[in-house]
Amino acid sequence: MLLKGLREEVLEANLELVRRGLVLYTFGNASGVDREQGLVVIKPSGVDYDVLRPEHMVVTDLDGRIVEGELRPSSDLDTHTLLYREFEEIGAVVHTHSEFATSFAQAGMGIPAFGTTHADYFHGPVPVTKPLSDGAIEGRYVHETGLAIVERFRGLNPMAVPACLVAGHAPFVWGTTPADAAHNAVVLEAVAKMAYRTLTLRASAEEVSQALLDRHYLRKHGKNATYGQGK
Amino acid sequence: MLLKGLREEVLEANLELVRRGLVLYTFGNASGVDREQGLVVIKPSGVDYDVLRPEHMVVTDLDGRIVEGELRPSSDLDTHTLLYREFEEIGAVVHTHSEFATSFAQAGMGIPAFGTTHADYFHGPVPVTKPLSDGAIEGRYVHETGLAIVERFRGLNPMAVPACLVAGHAPFVWGTTPADAAHNAVVLEAVAKMAYRTLTLRASAEEVSQALLDRHYLRKHGKNATYGQGK
Amino acid sequence: MLLKGLREEVLEANLELVRRGLVLYTFGNASGVDREQGLVVIKPSGVDYDVLRPEHMVVTDLDGRIVEGELRPSSDLDTHTLLYREFEEIGAVVHTHSEFATSFAQAGMGIPAFGTTHADYFHGPVPVTKPLSDGAIEGRYVHETGLAIVERFRGLNPMAVPACLVAGHAPFVWGTTPADAAHNAVVLEAVAKMAYRTLTLRASAEEVSQALLDRHYLRKHGKNATYGQGK
Amino acid sequence: MLLKGLREEVLEANLELVRRGLVLYTFGNASGVDREQGLVVIKPSGVDYDVLRPEHMVVTDLDGRIVEGELRPSSDLDTHTLLYREFEEIGAVVHTHSEFATSFAQAGMGIPAFGTTHADYFHGPVPVTKPLSDGAIEGRYVHETGLAIVERFRGLNPMAVPACLVAGHAPFVWGTTPADAAHNAVVLEAVAKMAYRTLTLRASAEEVSQALLDRHYLRKHGKNATYGQGK
């Protein structure tokens, strides 16, 4: 069996999404990439989480061709593989329909950087794509979903803002490892929840300053990070 | 005892509603129909869920006449039987006062199709009936509730939109089996919750395009479905 | 020990409020009355729920004079006893700071009858008192809280609408027994939650018709009730 | 090992924040002070709560110099120590990103005193600081956060209003002991939740009168307190 360790990590990330309440039924998926071998490990489509095991994971190449696995891969596979090809530093992708982040996506709104919880993880607002055109939807829809994300990130650093809302759909989140991507998805939902309440309390609420965004983001990231117990 | 298997399925659907937090005390009911025998199995009225057993289920004909059972059937029986007579493809009906779907019903608003979570299950907005007239309320009220649903579905396909909100009351949801109807009721509540937040974030939020509605609905339904592990 | 059975019922009602999430720390209390003996059983003040036992309950007369008990009674005692003196049919009183009902009380708004969940328990809107005057607050405050409720209920039947919101404070709820009053408090919170969402979805939402209010209320109450398994 | 008892109290307060749902991952910290020895005990930075033990706590002096402990202290240490130096009566400080209180902080709004739940703990609105200047953020940021709180409390009594929201950040809460500070943080979140709903129900909602604020606050605090079982 290929990539036993990564299969376990991907399974664990999928289960973490369930434990944290981000996933109803099977509405979510996580994957990881092995950059050396150019292989992706992803959850199979529509299988109940309580029976999922490492051997159920599907292994594909970076173009989504199945390399190992009996089951059909997640129907969102083509979005995952496109993100791996375009965002070369990421090691894992998570997709959920978590309630508050999805509500922003449905409203066609990004998530403003209203506070330090946000700034600790996202070095700027979490952007939202444009709605997909009818042509894109009727064509290679799942691939086009990935293209909309890539398009939206022109000029942005995907490592500094590790999430994107797809308009009328839901969030895609990434990270260095499956555990990191799942962690970012959990924080995204918490940040979305607080942004929702901030906006419904005061529609004119303002984002934090660039100085605060820098201070908090760089406190947890980069070579000068001071949070936690170091390496 | 008639319809032992269906009794168990109906009981299980009722319990699923409780486990998923859709039912407070006894405010909900599920039923199933055996089309060949023309018999309906429904929860008894006002019995605590934790003592419910298959033999407590009440069996009636499609006109609501009791065929087997010691207990009084759910007070909503006449709505269930009318739906079975009018919507010939459905195999089960669920009624809850789940919080968010009921809030839309109380506001007299249907649930717009704001995203793909919705489109995966409901091929268009979930409609709301007109308020019942005083005459209907003072007459055969429970039957009239069913009539309001049927009236509202003129021109709509109940298999493509398996739920209706009754104005000033709460949702009725259906499906092919009791498990399927309960599943649809759980998704309806999740979709209502996200639609509530979408609308309170942005009152002018727009529904997804017909193309997206078609793409997602047909991905999970019909002979060309690509989601899950196939049949 | 006086009134052993009623002590157990009152304790159980207090615990039910905790189990249902209506009470944070010790912010709630329940009492019951024995009409024949003219005695009230009430929770002691500020004692943790997990150590409460029947013998901790305090017994007073209808004027609040302690008849039996080592502990200080709930600080809201005078409101309870006034309600027992004024509303002769009630057998128990519950007071909580449950989140949504309290939010209406804080907004100085009654809870409109937006749906059948409401109508099944409250035969009209749940009223809110006027804010207490400074004189009332500085005088016999707890007694005055009860007076504000009694004043607000002039012309209303407390058995038909078994709850009142005290402006800037929280709900008082009653019933025939401690279990019934606690049940009403749980339903009040559910109804408040849905009314909150109804109003935030549509500020102009309308109450249900008198016909619907009558139909649902009388379905569960009075000699022609048809809900449940009868007596 | 220094201050064994206080270490246990501080650990327990940190765990209470987790149990009450105020903390996601490691987004929170509690500390306590020993006034006689002039020593502070604080949680280490970024350590998972489920492995935390008393010996992991870090002991510093009132200027934040580490006196005992292998681990790096909470990154918010300088705010804690400043509060201990400036607010001489407090014995413990808690910082969380609890959802509703943080939403008010993000909106740059204090929490109005809308009801008696609030008045029982906070003798007036819970204030919010000004946003920190770029200079403050780029300088001794954590210290400046404390300064913003102290500045905001000029003319206010920190024992009468034991919490402050830091704009664009989150609440800091204090008390006489770690358990008391954690208790205040839990109540703050409950009060913030109800204030949020009060304001979204009625934007023009009014605070309670000074008379009611006095009555409730003094009922639970000071030498004439009547709530609970006394000392």
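Every chain is named by a letter (A, B, C and D) in the order it is written, and numbering of its residues begins at 1.
Methods note: a residue touches a chain if its C-beta (ideal position, glycine included) is under 8 Å from a C-beta of that chain, and two chains touch if they have at least 3 such contacts.
Since this is a predicted model, take the numbers as computed values, not measurements.
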Chain D reached from chain B - shortest hop count over touching chains:
2
With chain centres defined as mean CA positions, report which chain is farthest from chain C.
A
Counting shared numbers against all numbers at the contact of chain B and chain C, is it over half, same, or under half, different?
different
Centroid spacing, where centroids are CA-atom means, of chain A and chain B in whole angstrom:
33
Residues touching two or more other chains, restricted to chain C: which are they?
200
Sort out which chains touch which and give me every pair.
A-B, A-D, B-C, C-D
Give every residue of chain B touching chain A within the complex, in rising order.
114-117, 183, 186-187, 190, 193-195, 197-198, 200-202, 205-206, 208-209, 211-212, 215, 219, 226-230
Over in the complex, which chain D residues touch chain A? Could you list them?
24-25, 27, 44-47, 71-72, 75, 97, 99-100, 102-109, 131-132, 134, 137-138, 141, 168-170, 196, 199-200
